[in-house]
Amino acid sequence: MDISQPGDLVVLINPSQRCHIFRLQPDGEMQTHRGVVKHNDLINRPFGTLVKTHLGYEFSFYKPTLRDILLHTRRQSQIIFPKDIGYILLRLSAGPGARILEAGTGSGALTTALAWAVGDHGHIFSYDRRADMQELARLNLHQVDLEDRVTFRLQDISEGFIDADLQAVFLDVHDPHHYLKHVRNALQNGGSFGAILPTTGQVSALLEALELHHFSHPDVCEILLRFYKPVPDRLRPTDRMVAHTGYLVFARMLLETS
Amino acid sequence: MDISQPGDLVVLINPSQRCHIFRLQPDGEMQTHRGVVKHNDLINRPFGTLVKTHLGYEFSFYKPTLRDILLHTRRQSQIIFPKDIGYILLRLSAGPGARILEAGTGSGALTTALAWAVGDHGHIFSYDRRADMQELARLNLHQVDLEDRVTFRLQDISEGFIDADLQAVFLDVHDPHHYLKHVRNALQNGGSFGAILPTTGQVSALLEALELHHFSHPDVCEILLRFYKPVPDRLRPTDRMVAHTGYLVFARMLLETS
Amino acid sequence: MDISQPGDLVVLINPSQRCHIFRLQPDGEMQTHRGVVKHNDLINRPFGTLVKTHLGYEFSFYKPTLRDILLHTRRQSQIIFPKDIGYILLRLSAGPGARILEAGTGSGALTTALAWAVGDHGHIFSYDRRADMQELARLNLHQVDLEDRVTFRLQDISEGFIDADLQAVFLDVHDPHHYLKHVRNALQNGGSFGAILPTTGQVSALLEALELHHFSHPDVCEILLRFYKPVPDRLRPTDRMVAHTGYLVFARMLLETS
Amino acid sequence: MDISQPGDLVVLINPSQRCHIFRLQPDGEMQTHRGVVKHNDLINRPFGTLVKTHLGYEFSFYKPTLRDILLHTRRQSQIIFPKDIGYILLRLSAGPGARILEAGTGSGALTTALAWAVGDHGHIFSYDRRADMQELARLNLHQVDLEDRVTFRLQDISEGFIDADLQAVFLDVHDPHHYLKHVRNALQNGGSFGAILPTTGQVSALLEALELHHFSHPDVCEILLRFYKPVPDRLRPTDRMVAHTGYLVFARMLLETS
């Protein structure tokens, strides 16, 4: 039986998928949108059970999945969505032991996923020029106990990157095509590059710059995620969906032959 | 400088994205679809360089990403696509240290991704009733040096699972709704369940069974991946795309309250 | 110069695409959501000009297109969307001179499009069992001067259809698979059948019934319409979109050979 | 009973949706991909019946729908697809009586749809600078008896349009943004403009030009059509689909106020 302990990161989910993610501490109180739950009632409780708030509303009690954590990142900016993050991890080979650079940090959703995926032996270097954003991201990573895997660099990337020999670099910044020379300096030879971009003009500009800076095999794609109403005898897509988060661009660094 | 060594897993990619993935061994030969490359010419070579076959065709020389590996899994059956695998990993929290069960093994693409993602401290239990498929999957995992992270079970899952206390169970079998009782026995309380299903009728049957077997928060979705022609001044989607691989269904196990 | 006349159907559109469609009458007043416009200021005015309300808000003054009319159908029920209607017209060959039956009438959006498309020499027969819906549809058709092309039948279609020898029959009802015998009686031999259905289970039931009732060449599809933000240097899809209106099913009636 | 006559346009469709469209003439022979059918065996035959070729292969015998005709347009160039044409007709109000200009003619699929939709009292003006394309389009329109509704203009549109006072203008040419001044001269004040464009850069260029030339309410969209395998108990989308035909752009002409 899997029983919760003080210090565990847990999630309460109501029937309409509303989530609260927090860490259990003795005598703590969780203020949900439907009433209060005392942490002491959740400590030493089996996961996968139903809990009631003081107002009588029911929540399910679980360990959060990575997707729960990403969707509920505290944010001051648009985060990268799980549908995109899952694919980015595969394209960058962001698994155990990987060393990866990202810019900008933003609210830290991708930072969290990268830090989670690379494990204790990997490391993430995350650049942003805004101190407030990095503080928020640091807080988000602290809550899920992943801040040790991330080195934050408060720095404008137009000045270049301090870090080098990285397996992959991912840019979520306004004009990624301006920074490819710096990306080359940060990457291992043969390393992977990725970026997310909202507009078609930015994609074209990046593709042009990738060719100029000796990246090969550029790939542009977008991922659409469509949910269904999970009713057995009335199965159908939801009425509305997210139509666009960003275009994903990937490429690989070629060594310049002299 | 990142230099290849004997024993490295490497990839040759031609301009039209055709790939060959293999392991370097002294005096080996790689027979591409455009002529032969000698392994000795690839050993002690920097990654990110261009190589020519004996017929003069050019390939880029890289370390394969996880996505390269998945796309080039040797197969006797339809594999799960990277677009779906990336999202499955997030939904099942398949990261470092995770212990996860899957059935069926099939050609082993998802098995490979899971084994890769959970690292040295995680473990995958993979069930299939067909010995030939498991041999193929074992071979695929051997090539990428991940077979130690997987325990193969040659077993019809209608007899149940031997393994228990798993964080997540994923089914890629014909009628997953038949096996939810067994899934409950294999899962930790509160664990995550996932499945991939080609037809709408199977989804409805699974949703009905999930409710019956005390799973909560069912989620049905599909992921569409659209590629673009990566030409800066002629940016446009490709003419055709994969329209369907499968519906993804996720849910969480609730403890039955007596 | 194309100048408006009393009696013309016109549209006022504001910069955020908010529309008001109405018929010009001397001394009339149009109460927009941004102030009043006097009809006398719109009569004898060239189309394609800008007009201000008494509050100073600007609207463009045009003749409405069919799509404007459809989108602004007064409704008490979900209407069929223009994206689906355009394709339905092609599939049913709903052009000048066609005679087509539809059920149910609903708010009359498809009725309007059909009546518009078949011209003076075509005719539409529209069935619904709810008098209030047919009154609303009649009103909608009256406003666009198309009611003479439609015969409304206030009738439960489980009793069958009065009309026969029709080129096409389209069903937008809850369980179309119950009525295929009646559809056969209403259709010309070789005629076209269409239906719109929200759920996958209904589609399966209809496909089964179509085979049973000697329809051939069944076709199931869905149409997704994605809009872009029309900003030249920031071109990108809108953030959200309609993900589902309904599945479209088409088939053709085979004569039963004795 | 609807019985075929000499001179009728008819279609033979085999079980895998392969079509042959032709006009019945006494003593004619139709060479299908599965053997010959004599026209005399089809004349005075009820529509909606099954016919066998001399090799014993079975076809269904129907009147073609507009979509059948469009899909089987003889072509030397990419045609506009029915999914797009249906929506274009609604946006341009291309119904009975309409007068519409299009360029280029191409193989004439859109020309056919427009001519079909506007009826005996409407008219289409179709421009192309290539005589061979217009001959092909003329042939395609002749086969479906619609050539009287179309005036072909063999002319480079950079020289402008001869025709004026049109309700709508549609451009399917390489650089539509070059011709908006001419479009204004051809359109009625307040008229509708549409275009189809394969690449994002062309869309941006057109949006910029539309603003410059006093068009209002620009709208950019794309239509995706996804087919399903029509098997009742195995309902699922087809494996592959058309991912892109073109971006559709619509706008309305504002009078320039002096």
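Note that the chains are named A, B, C and D in the order they appear, and that numbering of residues resets to 1 at the start of each chain.
Everything that follows uses one rule, which is that contacts are C-beta pairs under 8 Å (C-beta built on N, C-alpha and C of every residue); 3 or more make two chains touch, one makes a residue touch a chain.
Quick caveat, the model's predicted, so the values are computed rather than measured.
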item: Those chains which touch chain D and also touch chain A; value: B, C
item: Pair exhibiting more inter-chain C-beta contacts, B-C or A-B; value: A-B
item: Cα-centroid distance, chain A relative to chain B, in whole angstrom; value: 21
item: Chain B and chain C, separation of their C-alpha mean positions in angstrom; value: 46
item: In chain D, residues with contacts to at least two other chains; value: 200-201, 203-204, 226-227, 233, 235
item: Footprint of chain B on chain D - complex, ascending; value: 198-201, 226-227, 233-244
item: For the chain B and chain C complex, residues of the former touching the latter; value: 200-201, 203-204
item: Residue ranges of chain C touching chain D (in the complex, touch as defined); value: 1-2, 13, 17, 46-50, 60-63, 65-67, 70, 82-83, 85-93, 95-97, 113, 116-120, 165, 188-192, 200, 203-205, 207-208, 211, 216-233, 235, 247, 249, 252-255, 257
